[in-house]
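Before I ask anything, let me first share the structure, which is written out below as structure tokens.
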């Protein structure tokens, strides 16, 4: 740990030390155990409320998928926002915490996007009659998945983690973030242009509070799940970098330089 | 900057090999699609604009790795990048993108009406396709410049480059094909998607080179 | 004019190549950088040229107390020649002339200085390795830059070309230029200063 601290101190200016990677690990070690318990309790309550919620007169029992589908979709986007903030921090000036946050959020976001697509597809089968409909929302979600996978692939393609991979992933994340509204708009436009006959369009009617409240609690519960996973993953990543740095230091004596 | 543009154009055209390969690939995609779908001329004429656009998109993506790679390999990129600030570097990237576009994509667009005949396209649709390609493909090059800059140090650039650039250029494809589609179906005026294409090209002509220049600055290795 | 490197520490591929490196040279000096392969010679030159960021430390060029923009005052020649193989030699040099904003340059004249004037209309790609290097060295003569940063400048040159290049370097140094060269071959000039980088022991 000391070597890591020294390296951090030498490389980065004073205020970054305030949220130094190791302080973060110590802090997250304290936060995580109660967070596990809170997350499990909130998630249990949320899912119970989802089961208790009234069923839709048109869609029947299938409307229950909404209680997980909507949080997944919301988290897919929240996760990207977290990544964009970390990316901005990395570009502004490199910080291990921001780098680790971006790198570890990518697989989590990818999984949430995949889950949103799968639950959307499962929901679509009874409602639309097909597993896949080129609906504007599903299509944009699918493109978001492609962007996630691109960032995932790029951030793990470099040998030099600290500089190249972190900056490359950060730049791609920000370009993706700027692009998302354009993609969303173009897909909506494309969808209205090729108006397809779907049996029922989602989000038509205003949501009743008896459904809205369990939905919001579910969204909150899954956000907690995301926060927990993300904290664990960041902690893991920082410790992994720590180990690598220590291995390097152990493997090498610093070379001396002669000037004659 | 003018001399850089002229040099890159000369390089692009002096190796005629590259130009012919690009055209052959473009043609190959265009003729494989009817072979995969079937020779129904009404179906083909309906989807022809899409085929031409996808063929153009794939050709552009395949050529993108050459945007900075040759300059990097022979060392001129270092000499050009040395000591430039972000804006000057972005301007260099912009000029290189323009030259790359003029050297590799413009010939495809000029050739595309002849290929469109193979797909049983109407004349009005051919015109709309050419105009939409002219307005839209520069945007692909500008976004591609970011991908090319990000992957410049990687081995096996081609696949990674396509993976990261493809989702970002979907809007260009959508508006490009829509311009032709609206014209042939008469649902909307094709001016709207064409203006969107122009807007995308202008927007990415700023964002793409700036992001690529940022990449070079950060990953100075 | 004075070039100072202060407390330089560089890393490449996650390895620290050198640390706490200090040097300073003034007009008319030749600094040679020696050491085994992989010791960080090229990285040091790239840092001096401003193409690679050191982890710690800084490089400065100053004259009479004023800090000068480095890129405007140096030529960087890496192991790569920075010439397009399909374009004629003269065309390549003319491009660099315009790029470096040289006021009065004549490709023919600089090629004569490296005894390659006959190749002006030939495509660069057909030249031999040694001839290519000579043309690359001609780029240094297109525009006056006080600082030359050269990475293995004489690699691939025969004896005649080496002694020719020694004369060119001497002339540059006598006209109060500075040269930093990474090399493992004798340059035929006595260095004012030498930095020996040690191999990384793993």
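Per-chain residue numbering starts at 1, and chain names A, B and C are given in the order in which the chains are listed.
Please note the rule applied: a residue touches a chain if its C-beta (ideal position, glycine included) is under 8 Å from a C-beta of that chain, and two chains touch if they have at least 3 such contacts.
Quantities reported herein were computed from a predicted structural model and do not represent experimental measurements.
Colleague: Just the chain pair, please, that has the highest number of C-beta contacts.
Modeller: Top-ranked chain pair by contacting C-beta pairs: A-B.
Colleague: Would you kindly say which chain has the C-alpha centre located farthest from the C-alpha centre of subunit C?
Modeller: Max centre-to-centre separation from subunit C belongs to A.
Colleague: Mean of the CA atoms for each chain, then the mean for all of them together: which chain is nearest?
Modeller: B
Colleague: Mind checking the centre-to-centre distance between subunit A and subunit B? Centres are C-alpha means, answer in whole Å.
Modeller: One centre to the other, that is 31 Å.
Colleague: What is the distance, in whole Å, between the centres of subunit B and subunit C, each centre taken as the mean of its C-alpha atoms?
Modeller: 37
Colleague: Please compute the C-alpha centroid of subunit A, do the same for subunit C, then give the distance between them in whole Å.
Modeller: 47
Colleague: Counting only residues that touch at least 2 other chains, which ones in subunit B make the list?
Modeller: Residue numbers touching two or more other chains: 221.
Colleague: Which residues does subunit C have that touch at least 2 chains other than itself?
Modeller: Counting only residues that touch two or more other chains, subunit C contributes none.
Colleague: List, in ascending order, every residue of subunit A touching at least 2 other chains.
Modeller: 160
Colleague: Under the definition above, what is the set of subunit C residues touching subunit B in their complex?
Modeller: Its residues touching subunit B are 12, 49-53, 69-72, 74, 76, 78-87, 91, 95-96, 98-99.
Colleague: For the complex, which residues does subunit B have touching subunit A?
Modeller: Residue positions touching the partner: 143, 146, 150-151, 153-154, 160, 163-164, 166-168, 170-171, 174-175, 178, 181-182, 187-188, 196, 200, 207, 211, 214-215, 218-219, 221.
Colleague: Residues of subunit A touching subunit B in their complex?
Modeller: Counting only subunit A, the residues touching subunit B are 91, 143, 146-147, 149-151, 153-154, 157-158, 160, 163-164, 167-168, 171-172, 174-176, 178-179, 182-183, 185-187, 189-190, 193.
Colleague: Under the stated contact criterion, what part of subunit B meets subunit C in this complex?
Modeller: 3-4, 7, 10-11, 14-15, 73-76, 78-84, 220-221
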